[in-house]
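Can you keep this structure in mind? I'll have questions shortly.
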């Protein structure tokens, strides 16, 4: 399977999805949304895959949604697109751009919520905006000493998304989550580790190798290789129920409603003008 | 607006409510209940106010409910009372003192639950009894090195209140909460910080200035000043839903039921006699 | 009351149940299940008992279910059995061994869920398998420096049990819980303390004395001795509701369903053969 914005490689039962736009600090374009959805769905369906590791090229994990998003890519099938990616794009006709943009974004969040196998993040640097909030859906988070987590939703004229309004309190504790959600507090990796969100801080050198080594040690405890994927999926289904998924889909919708309301009312523009006007002229 | 037991000052969108009975270690009298309810309601309704910071005069945060409570103040309008405070008192006619006392106390808890903007506590010393349990409702908690949290409900012949039975496990983790609720464990500020309840420990000197500085830095990320209050309120409504409020009102009622049951059955008196008899004569 | 596999001693309102099969690292046999159920029920019914402390003989806390389980003991009344233990055994007729084994195990989990007074674990060493997951039901956990928590359910061809799939995330935080549940991560005592699960790490020398001292200090704050048991029970009923118990019974059933499904489908045997084949011949 070939993609334009990500790399996907499965080794010994572990599917590594690498966000691969280092020149944009791995900001997520619409093309990347469509490709990541496809990669998550393929990994979930692949009986060889026991778990998915989300990683990144370069020195940042993900700088959020790409504001220089090339919308047409989301709706125009590129010659390089796989059938799977093309089919995802076809779900969002470009007639009504706002509906299409929001539809694809929701679909992207749902890909995280719906995923049925252990989901691990290897955070190699800045995790900003949805680069942070999306990994609240990951079962395990490993990070390098230079990693940090920052989502100043209000400053962007947006609103907390990716279910951060329910997942951040669970993953970071309510106090730190409130500071992040309401006051745009940047969380450094040590604070995130102390809060229990980051499992382990690992050196940048050989970071991904060290993460994979730990995951392979874990997979080696999950029985013979052919039983591992189904075993881990059945364990995770007990922790993460379908009722919980329903609640998260609903919460994601509520969050998107607020974002859309802010955009449509003109608030988002007012916020951006306000901060633009503060720049030295 | 002038109050007898608190000071209220709004600066740059931040409403600072200072508990101001330092000679009683800021123990809360009925008068203080009525005035704090009024101040919370006024801050919530004031479009200029983005967040409320609860602070204290002197070297203690709050030593709990004032057992030397001057009940008549709750039901008798004082010449100095504002119309708002007078109206709150009028809700609780003094014909049936027990009903009035419990009614005002419930109303006070509800003022914390109902509040719709970010609520921050600046804990400058001992937080005892409801001085502790009430700040479980605060989104952020800052504290000085001499602060501690202690609520030996059983020793007072009372019961956990202010929704501590559901909020303490969330804010402190179940283990520490159980130790505090069942075994009257005193929690020092470092333990509370380690548990994620206290966001930051700040020196006593310039404590409030440092807290305000951090909050102002946060508010500066919330868009142009005129949008900040509504933006933060809309974010908080996603984190803290009306369904959750309904659950907390109900839990507060259950807790008050137990307290009243203990008082009415005579248990409370037995407990107080027991500890009084242990004092050196 | 005399037991074969545990010791029970009530002193000053504290019932100490000591798991006493040190030669098997306190692995739990069916006999031990029946006896612990009886001890928990007796402590709950005894008006003198304010709280139950679960402790262990030797250098391990509990190595899990005893795979060398002597099943007949669960269903055959021994001459030494008390009436209470005999009655519990009689609930599980030996006609259908699988049903009886699962029935007794469920009954054992339910004894933890149903217990109405504060439940404390004194973890003096390894807590493995259900030796770990069972203490997720304990309100407080004290531990020695050599203690650790490990439950590689998948490696045993089993599945997470004892409500670990909902309680581990609450007690350890989601990240650490996921690592333990999916990847068989061993959690050392310092990590468990940092996560808030272990309240205090105490030296091995005089460990139980130190734990009891702390609990007695707590009980001394709960009013006159004759009111302590009912007071603590009423506080705990506010924290731990019957609705919550119903959810936990249901979750325990779901977990047992998965274990049984794995056993019946032959997966459990495949897993054991796989690991047996890896041993040096």
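Labels for the chains are A, B and C, by order of writing; each one numbers its residues from 1.
The definition used in the following text is that contacts are C-beta pairs under 8 Å (C-beta built on N, C-alpha and C of every residue); 3 or more make two chains touch, one makes a residue touch a chain.
Here the structure is a predicted model, which means the values were calculated and not measured.
Student: Shared numbers divided by all numbers used: is that above or below half for subunit B and subunit C, i.e. same or different?
Tutor: Since fewer than half of the residue numbers are used by both chains, the interface counts as different.
Student: For the Cα fit of subunit A against subunit B, please give the angle of the superposing rotation, nearest 5 degrees.
Tutor: 120
Student: How many angstrom lie between the CA centroids of subunit B and subunit C, rounded to a whole number?
Tutor: 38
Student: So which stretches of subunit B touch two or more other chains?
Tutor: In subunit B, 194-195 touch at least two other chains.
Student: Across the complex, what residues on subunit A touch subunit B?
Tutor: Within the complex, subunit A contacts subunit B at residues 152-155, 157, 159-160, 165-166, 169, 172-179, 181-185, 194-195, 251, 254-255, 258, 267, 270-271, 274.
Student: If you look only at subunit C, which of its residues touch subunit B in the complex?
Tutor: Touch list, subunit C to subunit B: 51, 118, 139-141, 170-171, 194-199, 214-215, 217-219, 221-224, 227-228, 231-232, 234-236, 238-239.
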